[in-house]
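Given below, in the form of structure tokens, are the structures.
The same subunit A turns up in both complexes below, where it pairs with subunit B and then with subunit C.
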Partner chain A sequence: MSSELVLQYLLAGITSGSVYAIVAIGFNIVYSTTGIINFAQGEFVMLGAMTAISLQPFMPLPAAIALAVLITAAVGALVELVFIRRLRRPTVMRMIIVTIGLSILMREAALHIWDERVRSLPYFSGDEISSVRILGAFVSPQVFWLLGLGAASVTLLGLFFRYSLTGRSMRACSANQAAAALVGIDTRRMVTLSFAIAAAIGALAGCAVSPIAQTYYDCGAPLAIKGFTAAVLGGLGRSGSAVAAGLLLGALEAASVIVVPAAYKDAVAVLVLLIILSLRPSGLFGRHDEARLKEY
Partner chain B sequence: MKIKTIIAMAALTGLAAPAFATDAGTVKIGALFSVTGPASFLGAPEKRTAEMLVEQINARGGIHGKRIILIVKDTGGSPEKAISMAKQLIEEEQVFAIIGPSTSGETMKIKGLCEESKTLLVSCAAAEDIVKPVARYVFKTPQTDADATRRIFEVLKARKLTRIAALSSNTGFGAAGKKQLETLAPDYGVAIVANETYDKNATDLTDVATKVKAAGVQAVVNWSIEPAQSIVAKNLRQIGLAIPLFQSHGFGNLSYVTAAGRAAEGIIFPCGRLLVADVLPAEHAQKALLMKYKTDYESRYKPDAVSTFGGHAYDAILILAKAVETAGADRDKARDAIERIQGLVGTAGIFNFSATDHCGLTKDAFEMLTVKNGRFVLYAD
Partner chain C sequence: MGLKGVTGAIVVGLLAVGLESLVRVTDTPFYLTQLTMAAYYSLAALGLALLTGHAGQVSLAHAGFFAAGGYVSAVLVTRDLTPYAASGPVQWLDRLHLLSQRADAFGSMMLHVAPWPALLAALTVTALLAALIGVPVLRLRGHYLAMATLGAGSIIYQLVLGTRLFGEADGLSDVPPFPVLPGLEICGARSGRVGNYYVACGLLVLTLLLFANLMRSRAGRALRAIHGNEEAAAAMGIDTARAKLGVFVLSAVMAALAGALLTHYNGGIGPSEASVLKSVRYLAIVAVGGMSRFLGVTLASVALNFLSLRGYFGSYDDAVFGLILVAVMLFAPEGVGRIPLPFVRRRP
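And then the complex of A and B:
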């Protein structure tokens, strides 16, 4: 096989990997605060993209995306206030079940607000057939947007969680809710905030992914499955690792297509995930002792 | 415009002659459509179309004074739901006939059920298995996969393209198309060099496109009904493959063209004539009916554009209406009447049924179309 072809497979892997990576980031935020997996994360992705597509005829693309991110963040906060905060005894299991219910609810709502048709945002730069040539192989310019936005989100979230008082309070909630409450952190507010941020990141991901993967009312679940896989592979709670794992997952899938029929692509990815998780239960980049500190 | 409408009205009076008689009873028709779920792009326009056409027929006084009652059930594309809903329609509602389901998988699950209970079933799904072998009470309105494949191979042969890549999605529709492509390729001297199946929820198919590029083929035939068919078009162009791309009749929905944008230009696919109704010559037998359906649908369900899938529901009701008109609302007599239908102009083509042919269409029902400036036009070599 020529080196150009190998590079083309790699770029194919990076393309789908960048989609998984940017979706994966959102999972970590709710997890970092509450220790739960938000199964409605895929629906935030769908909602953000659908909202931006509806707003786009009335305003420039960046404004439509910004507004869609804000609207989805508000929906995220609202969802938490209405459904999760009202749980009498919010155990991890109950919260997870509520998020599964929410995902179904949001999907059906989207079907009624919009319809079943497939839509997409325009490419941020270039169009459907433009591509960047790298050493004889090609990649869509949208991939650079995905990587850039992914990197920016990870950096900003990292700074926020590490240095701002709010971010540190959110991490404290994740470590130990009771202790966090004792030192005066309003833990419920932190949970609401984490849903709002997760929804905002999800919406941004949805907008960036839309030109490549296209958007329809139930596109959230398949995206979320891949994003979740990447998040677990990287080690939950770490946004940077999620991005790296997403790209790795994409590259693995593309590499598998070289040797086996494309039909087995997902099977190969899942197999790798199982092997890695059995060897390193806390994820590829997660630390074992860190995982042990979490209470479930 | 007005003249066209008058012609169209004239064409339709044949099937549902305005009856001035008072209420002569009702005809209950059940409909199983996947209005939501993964096959909603089939079921949703089918539901809209069926509701519109039934309303139109009833507004004209029904069929010989018999009003149609349409009961639509949403299967969500699930064969299990289709079975239980079919049972409800047959046992509780005691319907005269069932139209739908939208997908071949669902239809095959209820084929036996309708046959046993002697309920007429006019399916809106394409697979050949639905009418082969013939079941006495089961009919279908879409053209068959095999005919679509033949039309594609005819173009490949005419353009001397002999090495192709066959791509399909992991759905019933994709699998059926893949099977037809593999079976018929040798008849046309075509070699399938790369043969790949991909996930129906795929978000990007650059890797599959790369495999196609590595195989060094002269053309690509893609068989799927999901957004993937737009994604595949984009990815092939993005990696610099400019070879002809053929799609199945599942591409007959303008939203896929919009989604693929410039990458959709030049895609060739077989399709019923509905999508090119406006450029058909005025004397074409289907012109008046197609234009009426298109204008009615698009003015009522704006901004939704008409699609061939909705047309399958249109044809199903036309066929049932014709049967009731000639034989009355008796299931067995109506069944015999359908087998005698000749030259019935529908949206998918001109139907000629017989005791051995419960589809009634030939490969001439397909026209080869291509995309030019974001619109569907007739393909010319």
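And then the complex of A and C:
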């Protein structure tokens, strides 16, 4: 195989991998503050892209995207306020079942609001035939938008969690909710906020990937599994390594096309998930002693 | 517990007879078809109730196991072995009387594995598959277990959808009837409607009896102990890994049995049976029925599947099950039969 082809596969892998990374970060944000794996995380990606597509005829593209991200964030907050907060004494089983139910409701709502057709946003710059040549491989400029937005949101989130009072309060919640409440942090507000941020970041990823991938009512579910795989691969709760894990997963998946028929491509990520869960549930980059304190 | 498990079986048996008489009186025999299908789906739901309700382990792979049972038996009974008739393994199968002959859709004779051995093979394959998935996955808990079984289920869906042998998106059809007794076979023919209905309901009653007995046994008590507290159960000397794997395999085999028989009843199977949404549907049914309450799960399953199969939910079919999951978990986590009604005092 030529080196150009390898590079082409690698770039394709990085493209899808960056989406998985952003979905993984969404999982991490909610998991850190609540201990919940939000099975509806993939639906936020779909919702963001679909909303932006509907808004786009009425306003410039950046405004449509910004508004879609805001709307999705509001939906995320609403989901927490209406459903998650109502769970009294939630067992893990109940939390899982509620978020699975919510993911189906959001998907079916999208099916009835829009329809089952495949849509996409216009390219942020250039169009579907414009491409950039790197070392003999061709990439759509949209890939750079995707990577840039991904990198920007990871950096901003990192700064937010490290330096802002709200971000630090959220981290306090994740470390110890009772102690956080004792020092005067409104923990319930932090949980709502974490859902809103997770939804927003998912929506942004959905908008950025929409021009090159297909957006339809059912596109969130595979993203949720792959994003979760990336999150586990990086060690749940660790957003920095989730990015590395997401890119790695994307590259693995792209490379798998060489060995496995393309029809089974989606199964590769799941296989990675099953293997990592059974061999090293703390993740590739997770510390073992830290992992022992968690419940798998 | 006393007669509790037996009461469930009796109630379901009486209801089955009652519904059939009702259908007979109102002259609406076509309802029996969907009731029969609903009864088969209920077998799978009962298996999941055993796993989730009693042992406390979530599975989102059950549609996968259902489809595994259906697809393996469908492949075996529809694959024409005539070209390989001279080969060793086929001759060997023939000598054991495991093969049968019939005319295919175009009238030419075909040689295939007989339905009974095909069913046994399907159950064995599914049991092995469940063990293969269960050994690594059952060490996990909570969210991890849910996501891992969801992943396993979606792999089965991908395999079914992408493999030529399994008919890809078209699924498999022309599945022959399944002989139960002389003169009684599982198939969709109109003449066998009542007989088929009672076969399915009979299986349901048998399963209820079997499960009630199981829960009264040492193995059943071990499962409940694991649900309560896994560490404590292990400390009491229960081999928790073995008990969990055992119940996982058993519940997968129940789903496979349901899948295989329904495939014979419908005359075919499609990939949608393996989809994750179907797994979620089983979970919703188990949640509505009250997780560990076999009678509740059976009634919820028959009712919901019947309504869904008759098309009463229209294009909101999947949404209904999503809504059920959310609503039950928010308002009645113990199941719909346990909603605290005003003025009614329940024993704790």
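Basically, the second predicted complex is superposed on the first by the 263 of 296 C-alpha atoms of A that agree within 3 Å, B and C clash if a C-alpha of one lies under 4 Å from a C-alpha of the other, contacts with A are read in each partner's own complex, and residues count from 1 in each chain.
One rule holds for everything that comes next: a residue touches a chain if its C-beta (ideal position, glycine included) is under 8 Å from a C-beta of that chain, and two chains touch if they have at least 3 such contacts.
Since the model is a prediction, treat every value here as computed from it, not as a measurement.
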Once the shared chain is lined up, is A:129 touching subunit B (first), subunit C (second), both, or neither of them? first
Name the contact category of A:83: first (subunit B only), second (subunit C only), both, or neither. second
Going by the contact rule set out at the top, does A:253 touch subunit B (first), subunit C (second), both, or neither? first
Scan A:266 for contacts with subunit B and subunit C and give back first, second, both or neither. both
Name the contact category of A:186: first (subunit B only), second (subunit C only), both, or neither. neither
Of the partners subunit B and subunit C, which touch A:120 in the superposed model: first, second, both, neither? first
Touching subunit B and also subunit C: which subunit A residues? 108, 111, 222, 261, 263, 266
Which stretch or stretches of subunit A touch subunit C in the complex? 36-37, 39, 83, 86-87, 92-98, 100-105, 107-109, 111-112, 221-222, 225, 228-229, 232, 261, 263-264, 266-267, 270-271, 273-274, 277-278, 281, 295-296
Would you pull the subunit C residues touching subunit A in the complex into a rising list? 52, 56, 58, 60, 133, 136-137, 139-144, 146-148, 150-152, 154-155, 158-159, 161-163, 276-277, 280, 283-284, 287, 315-316, 318-319, 321-326, 328-330, 333
Listed in rising order, the residues of subunit A that touch subunit B in the complex are 1, 5, 8-9, 11-13, 15-16, 19, 108, 111, 115-120, 127-131, 137-140, 209, 212-214, 216, 218-219, 222-223, 226, 253-254, 257-258, 261-263, 265-266
List the residues on subunit B that touch subunit A in their complex, please. 35-38, 40-41, 44, 170, 195-199, 201, 203-204, 206-211, 213-214, 227, 230-231, 233-234, 237-240, 255-256, 259-264, 304
